[in-house]
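Take a look at the structures listed below.
Shared chain: chain A. Partners: chain B in the first complex, chain C in the second.
Let's look at the complex of A and B:
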């Protein structure tokens, strides 16, 4: 009974939160609803007994959405409503219904044809986090390492893009040095 | 899931809520007294004996003050933000074993609300959501200083999460479990079994990160003390302002419990002595939060980031690698 109550409560909460995320014109509402929706999804993992994945969902998405807030802070006045340029609402509605139907079809097809199989069966006696680790470092080792390499590539690219003039610090330079550097910059601009 | 289990859980939740709300209130009294003695003052003295009733006076003041919602703020989020901080602080307490199990009238009580296998991760994850309250409060306030404070909250959150996670990884590797009760049982053999002796680096790193997670003094710049303004709380009044502080003080108590349980043996073998020792350890860590506030100035935001990314994070990574090598060979 508790599982049913929790499931319906959190499904409604998650759906409402994501609905607010896509419909509101207020950046702060959208970000907050996104964070709340992501955190409410972790409840489904807890209901299914996948405690480890539930907590990972909370940790990863609180951090990720927090970074989005930082971008929101830099780009707009988050306390004002945004003016959105939206095209035909008919096209938007049609495309979203079509994509929703496709997603459902993709996930339901194997269940309907009863060909679904557990590729990584539960290991007897192992706790939830242990079995996640065992599957991740045996069967899915290559995708796991590939994801790590991709993240490393993204990190290095980010540092290279943002890291111009990182060898000098304005707080450590004397006043004259800063003036000379500014002069040099101006000459380049002219 | 029978009725007895449900009633027991609800009773536990209510007891923990009541004890730690009261302690959060008393925490402000302790803080003022400790700061006063360290600065050769008397602190609150007028209300009640030694100013003990000052907490009640402050409570009445906060509850009865007018709740001002300024113009231009994003009202729903502005109103909701303090609730996030206070609520997540108490939600995090669900996986903390506060006391060894004991028997009352032949009924064994486990003083932990939810004994999950991922207790430690759960506590840290939910405690981290608490920073959302400060961020949203600052961003919804339509005030420049609040916005600066919110930006600093986001920066601290993104940096110090890394240090917290990496510093705890080495003890988790040694114990091989994420449950705080397993951590306690691993160290039940006595003082020589404490993880602080095998993991001193992780202990210091986690302790430093705890100051950042709770926003206490060396890292108190989310409240813009040096701009003589209260950061995210600038536009708040009355009980909404008070809720931020209940959350902050409750977090200080809970993170002290986590440090004591993970590194300093927790409640030991579960006897009365161990239980009292746990309270003594938690009191010491709480006192240490106040002590640092009296003794240290705030660091600058750039120093905070420097400390996190150039000192603490490399140390944590080296600690994890060395621990892994030692465990392997």
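Let's look at the complex of A and C:
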């Protein structure tokens, strides 16, 4: 009973938050609604007994990814109103529904077939975090290490791409210095 | 009123189609990134549900790796976006036609 109430409550909240994210014109609204939706998603993980996944969802998504987006937004002119694509909304809706049907088929295909089998069963007597650790460091050790290397590569790529000319601080420079630097920058770009 | 696997898969599909709607109608690349995050989250819900109803931890493992991939995608994508914005002054998708043949 309580599970059903929680499921429907969080479903509606998540869907509404994500709908606000994809429809609003204000970047800040979209960011905030997305962060809220991520937290509501973690509620499903807690209902489903995947405690560790829920905690990771809150820490990584709402903690790290959203903070990264918030920092990234400082670089862009987000106050400007954007004119969104004004193409046929009928085509968009049709394509979305078609894609959603395909997703349902993809999900249902293994359920309908009887050949589905458990490859990493739940360990009896262990909490969720313990069993996740046991499976992650035995069966999925190589993907885990690869993911670590991938995160390192992504971090270096982010620093290299975004960190150019970050040795100069605009707040510590005088007005004339900024003008001179911008002139030099424009000449380089031209 | 029992909540089954189908409920979660339908929810996952609804969230996925909301994300697809965002991918199709957004012009601002930052908003496009937000829609991508919604897609990844929708799939994560499906994985966690299957993991729970089949008593199998593989779904949760896949969800972890998806979260790791999403984090690195954000880092590289935002870096590219900032580099583009510094050079061109906008992040409009229609303006990115410099490689058009």
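Heads up, the rule we're going with is that the second predicted complex is superposed on the first by the 144 of 190 C-alpha atoms of A that agree within 3 Å, B and C clash if a C-alpha of one lies under 4 Å from a C-alpha of the other, contacts with A are read in each partner's own complex, and residues count from 1 in each chain.
We take it that a contact is a pair of C-beta atoms (placed from the backbone, for glycine too) under 8 Å apart; a residue touches a chain by one contact, two chains touch by 3 or more.
Given the structure is predicted, the values throughout are model-derived calculations rather than measurements.
> So, on chain A, is it clash or fit between chain B and chain C?
With chain A as the common anchor, chain B and chain C both fit in the superposed model.
> Quick one: classify A:132 as touching chain B (first), chain C (second), both or neither.
Touch status of A:132: second partner only.
> Looking at the overlay, what does A:73 touch: chain B (first), chain C (second), both, or neither?
Both chain B and chain C are touched by A:73.
> Contact-wise, after the overlay, does A:21 reach chain B, chain C, both or neither (first, second, both, neither)?
Second partner only.
> Identify the partner contact of A:1: answer first if only chain B is touched, second if only chain C is, both if each is, neither if none is.
Touch partners of A:1: chain B and chain C.
> What is the contact status of A:147 with respect to chain B (first) and chain C (second): first, second, both, or neither?
Only chain C; A:147 stays clear of chain B.
> Touching A:122 in the superposition: chain B (first), chain C (second), both, neither?
The answer is second: A:122 touches chain C but not chain B.
> In the superposed arrangement, does A:186 touch chain B (first), chain C (second), both or neither?
Once the two structures are laid over each other on A, A:186 reaches no partner at all.
> Tell me which partner A:11 touches in the superposition: chain B (first), chain C (second), both or neither.
Touch status of A:11: second partner only.
> Would you mind checking which one, chain B or chain C, touches more residues on chain A?
Answer, by number of touched residues of chain A: C.
> Between chain B and chain C, what is the shortest CA distance in the superposition, whole Å?
13
> Touching chain B in one complex and chain C in the other: list those residues of chain A.
1, 52, 56, 69, 73, 78
> Spell out the part of chain A that touches chain B in their complex, as residue ranges.
On the chain A side, the touching residues are 1-2, 26, 28-29, 32, 35, 39, 51-52, 55-56, 58-59, 62-63, 66-67, 69-70, 73, 78-79, 127-129, 171.
> Inside the complex, what are the residues of chain B that reach chain A?
1, 72-74, 76-77, 116-118, 121-122, 124-126, 128-129, 131-132, 135-136, 139-140, 142, 147, 150-151, 154-155, 157-158, 161, 165, 177-178, 302
> Can you tell me which positions in chain C touch chain A when the two form their complex?
Touch list, chain C to chain A: 1-3, 5, 7-22, 24-28, 30-31, 33-35, 37-38, 41, 44-46, 48-49, 51-52, 54-58, 60-61, 63-65, 67-76, 78-83, 85-87, 90-92.
> Touching chain C in the complex: which residues of chain A?
1, 3-4, 7, 11, 14-15, 18-19, 21-23, 27, 30-31, 34, 37-38, 41, 44-45, 48-50, 52-53, 56-57, 60-61, 64-65, 68-69, 72-73, 75-78, 82-85, 89, 92-93, 95-97, 99-100, 103-104, 107-108, 111, 116, 118-122, 131-132, 135-136, 139-140, 143, 147, 150-151, 153-155, 157-162, 164, 189
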